[in-house]
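What follows is chain A paired twice: with chain B in the first complex and chain C in the second.
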Partner chain A sequence: MTGWRLALRGLRRRPLRSALSLAGIAVASAMLLDMVMLSGGLDRSFEQLLLVRGYQVRITPKGTLPFDAEATIGRGSALMAALRAEPMVASAAPVLGAALHARAGVPRGGGDPLVTVVGYGVEPAAQAIYEVERGTDLAPGDSLGLLVSAPAAGRLGLAVGDTVAVAGRLDAQLAAAAAERRFVVRGLARFLYDSRGQPSVATLLPVMQSLAGPAYADRLSLVLVRAAPGADPERLTGRLRALVPSVETNSVADLVVQFRQRMLYFRQLSYILGTVSLVVTVLLIATLLTITVSERLGEIATLRAIGVGRRTVVLQVLAEGAVLTVLGGALGVALGLATARYLDAILTGFPGLPAAFSFFVPRAGALLQAGAVLLVTGMLAGLYPAWLAARAPIAATLRAEAT
Partner chain B sequence: MSLVLPLAALLLQASVSPVPLAVERRLADSLGLRVGDTVALAAAPDAAGRAAVITAIYAPAADPSSIMRRDLQVRLHLPDLGALLGAPDRVDRVAVALVPGAGPAATAERLNRLAFGFEAHPSARLAAESSRTFQVVDRFHRAIAVITIVASAVFLLCIMLLKVEERRLDAAVMRFVGVRRRTIFGALLLEAALVAVVGSLVGIGIALGAGALTNLYYQRLFATPLIFSRVTPGIVGFSVALSLALGLAAGAAAAFRLVRTPPMALWRRG
Partner chain C sequence: MSPSTGVVLRGTALRKSYRLEELTVEALRGVSLDVSAGEYVAIVGPSGCGKSTLLQLIGGIDTPTAGSVELLGTRLESLSDRDLTRLRLTRLGFVFQRFHLLPVLTARENVELPMAEAGMPAAERRARARELLAYVGLAAREGHRATQLSGGEMQRVAIARALANRPVLLLADEPTGELDAATGREVMALFRRLNAEGTTLVVVTHDEHLAAEAGRVVHMLDGRITDDVRSVGAA
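Let's turn to the complex of A and B:
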């Protein structure tokens, strides 16, 4: 306890110096915290996003990831029948995605009345890509019903109950829509994997296949699969790969690994900057303590002369490093959380990234891990100055101080 | 025109007259393909394949926007690709060269007024749209740089304060023997400037080394000639100027505190 009290007193003796050191450690530990959140947050956020509706497996066209390319899966109904016959499958949700064109009415002053939207064809009883926020969901067999996202509703000026014309294909030679239908907006939905501001609509799968044209008959872009209770998703993935080898089957864990590969840069950057932050903290604490010990050699020699042991002196120096680290780290947590929000706002501006995705995810485990690493680092930084303090010759130091 | 095909699609058995095909080097290397080899192409793994003879192996232009995707590419003549996809007479995009004097924005606007079923964009707008990813990365780097600069500034201020405080005995002695405050202040400031300049030169050396290692690592990782880290004269100038300014400011603040303190007080503090 004496060591801690002496350490605090030592820090109070030079308030400006201690304040500057604390500020330096706070900024460095804020950076460390941010980088710890970034390194683990990417995977965590992506995994949470994929599992938000409890579907653990994704089936996509061979060689692609969900909505990564315009490729589609053929013989969709046969695939769905095969999946639903599989005992390890609790639910399978087919999706077809394609560009559609909604007619917003002729804008004031002329111009193009067509708004290009992303259209999803779904089975409402088994879907995992949207949540209805207002109005009602599509009912089975409701071939007139349409769900729209907030950006689509905004751009088209739509509300629940409104009617809107949607075209699937535009024929440049005929200057007309090759397939156009009128829909009634049943509800406003939040599409879970949409990027910020993406205008989207959803309708029944057969309606979407018909709107998209003959090339899309019985085709799917994606199937989400939920494992039956007790079934292991990884085993199910392996089973489905064997069952339907002509498509790409990935568990959420597989997708996280592939995503990690794509986001390799950010993970490596977080490791590098995290390491730099730790080095800066070590340098700062070591420099400060070394100079402080050099200044207080006389005081240390006096303490030793009146019987204070080497161990106490070493502990005092280490405690000073620990106190600096703890105080600076505490400030760093607040600073780090604030900067993480700012940096997250920048990075979530990536085009095409789901709006619900987050790069910096605060996790208790990560915070504790960063805190422990920082504390150990701070104490290690005090080792050299502590060694200097412990080996100072008592008589020679006192003599030098006296002259 | 390029088509991204799943790797597996290339391995199907061929049965009809071969079409010419150019294969990118990475794909050729991974499948052990050479010019003159015949492969089969299909739009889907379960679709009927079409024979293709490799007439060229090429290195695609380095494209930062697709580097993380690591897609593998092949190139075919447009009619061959249309036939393969079952979508003859369809294209994804058309690049238009304008006659001298025609403005891209005005032409795009005119085409959009006349056209139906497609949208015309000036290349500059497309370039700006496609560079949004890099704008985000650039903003992120700038934000990190600001945090780093703040941390460096605090660190530098702290070190300068400690360094100057270390000189308090020297300063006290100089004051006792009649050296003026201004001279001591100038000497301490000069020392701070020297530390800042030498430190930033060492920093530039470290940056050059780290940049070379970064380029080496990522160029190997992504098999690309793209440059990932570049230390430009502008960056060097900015870094040296900033560290000099910070060093001088920190040194001046610490030296000012020191020369204001009475020499006896400095002497007593040892």
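Let's turn to the complex of A and C:
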């Protein structure tokens, strides 16, 4: 009979109490796991999202982050020429983003007649903001082609091959589009940085500049840059800062640092809630074991009387704490992963947040870290009751038991 | 065992006092008692006379306020808690009024417990536990949890547990106190058999029938031994 088996059987003495305690530990463990996933998940998810297409550097208007403002970069073609002439640059992907208004010829499936969408102007040969899921990508020179996101297609009732009218600006007095062009939907695309439900379209960069109006001529919102093989992205970032000082140049690592600073409150919150959950776990286990030891003092005194050592008694109580922690923690992992998914769905639904972003990233390291912390905590929680058990006065306890 | 005298246990001038709120209770007032190998000693007396306290002192589970206890020539007061625990494990056997078996363990596992603590290999202790359960007439109940046993069966398992590490002295505190007359008689018969086979026994009891089984009856009153009667032919 090992101490672990004895501890496991000990939980069966009071099955309801053990079940309630395990439920409490599971909830606290789930919270701890979620907080561990949250504290590291934000950065990791953000970094993964930025690197999804392998572009390590972002160039934006001075003083802004990507799509942080409506500001744009002037003399876009000169900037692109300079970037493409740089030996450390493997690829540069320009993007212009602006609000557009789309109207399907004959809305199908109850689509809206006029829908405001986010329009992206891109160069299909070097783009890093979408993935085509159905139909075909835009071809170079295809000034009639348009890619639409699933939310845009849904709201406009569009399918591949359909025609759609898109206007850059609305004339407020005439309530009509000042400049409208007709496009053919070439494909449905998933826009990597869109928020959930965001209707978006993409067309060629010159077409988009034209649609958006004279103020957008030769302007860009963002350029994504991929380093040449063997080139260090950080060195490239420094090089581009020197080359084009009029714009903001950040590596993904820089952006992660800035993001981390912006999200500091999330991390602090996760640390606080994680600590609270640990404290709750300690209190739960310590309370349960203290009650258990108090109830079993007579039994413990008898064991000590027949020659069972203090060490065995202490290890027994600690083993019970560890068994509770392991079982409760295992339940907590399942519960934590389920609640993380639920919470993630809520949080990533906030306006402006990329739908592909994740607040809770399950990682083996995080699971192991939470598990180790929990196990140590469970055993520490058993220290006081174990001390009580080991110090129980044998003779006095047996006398009290006999009366 | 002390080879010259055959004395297993020697308690000398034992005193024990407790603080009970503002009062000091003198549980033992200078008790001396020798127990020789093979003796069957019953300690009797009214409640509160100090007989259980005396048993706890000679069993090394409590310390005297004054006086000394020697077991096989070793003074218990000179031992560390660890050594004293080891001595109780390997040299003494205890049987209590309320059995105190671990309810989550089977009868066999309860008997194995002291042997496991003593470091006996699993196969060996399993065989010995079975042998002991057969000895106390519970071979068929070895797989039953303690909670599935009757009071008499539990006490017999407790006796088997007490015998696990082959003690030189078996101490029992009111072993029939929780049992009805019939099951009490079974336990008495078991003690008689154990003594007949050479086990040294010291039993604290209120039970006149049980005391009558003993070869020597020590009477106590107010923390003192008032009479010490050996039957004719007793060791």
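As a working rule, the second predicted complex is superposed on the first by the 385 of 403 C-alpha atoms of A that agree within 3 Å, B and C clash if a C-alpha of one lies under 4 Å from a C-alpha of the other, contacts with A are read in each partner's own complex, and residues count from 1 in each chain.
FYI, a contact is a pair of C-beta atoms (placed from the backbone, for glycine too) under 8 Å apart; a residue touches a chain by one contact, two chains touch by 3 or more.
Small disclaimer: the values here were computed from a predicted structure and weren't measured.
Novice: For the three-chain model obtained by superposing on chain A, do chain B and chain C clash or fit?
Specialist: Here the two partners, once superposed via chain A, fit next to each other without clashing.
Novice: Using the touch definition from the top, say if A:Trp387 reaches chain B (first), chain C (second), both or neither.
Specialist: After superposition on chain A, A:Trp387 lies in contact with neither partner.
Novice: Touch test for A:Gly298: chain B only (first), chain C only (second), both, or neither?
Specialist: It touches chain B and chain C both.
Novice: After superposition on the shared chain, which partner residues are touched by A:Arg399: those of chain B (first), chain C (second), both, or neither?
Specialist: In the superposition, A:Arg399 contacts chain C only.
Novice: Comparing chain B against chain C, which has contacts with more of the residues in chain A?
Specialist: Counting residues of chain A touched by each partner, the higher count goes to B.
Novice: Touch check for A:Leu273: first (chain B), second (chain C), both, or neither?
Specialist: A:Leu273: touches chain B, not chain C.
Novice: After the two structures are laid over each other on chain A, how near do the C-alpha atoms of chain B and chain C get, in Å?
Specialist: When the complexes share the chain A frame, the smallest chain B-chain C C-alpha distance is 9 Å.
Novice: Which residues of chain A are in contact with chain B in one complex and with chain C in the other?
Specialist: Correct list for chain A: 298, 401.
Novice: Once bound in the complex, which stretches of chain A touch chain B?
Specialist: Residues of chain A touching chain B: 16-17, 20-21, 23-24, 27-28, 30-31, 61-64, 68-69, 71, 74, 112, 170-172, 175-176, 215, 245-246, 261-265, 273, 277, 280, 283-284, 287-288, 291, 295, 298, 339, 342-343, 346-347, 349-351, 401.
Novice: Which part of chain A faces chain C closely enough to touch in the complex?
Specialist: Those in contact with chain C are residues 1, 6, 9-10, 12-13, 298-299, 302-310, 312, 394-395, 398-399, 401-402.
Novice: Which residues of chain C touch chain A once you look at their complex with the stated criterion?
Specialist: By the definition above, chain C touches chain A via 52-53, 56, 59, 61-62, 81-82, 85-90, 92-94, 96-98, 100, 102-105, 109, 112-114, 116-118, 161-162, 165, 173-174.
Novice: Which chain B residues qualify as touching chain A in the complex?
Specialist: My answer: residues 4-9, 43-47, 68-69, 86-87, 112, 115-118, 129, 132-133, 136, 139-140, 143-144, 147-148, 150-151, 154-155, 157-159, 161-162, 165-166, 221, 270.
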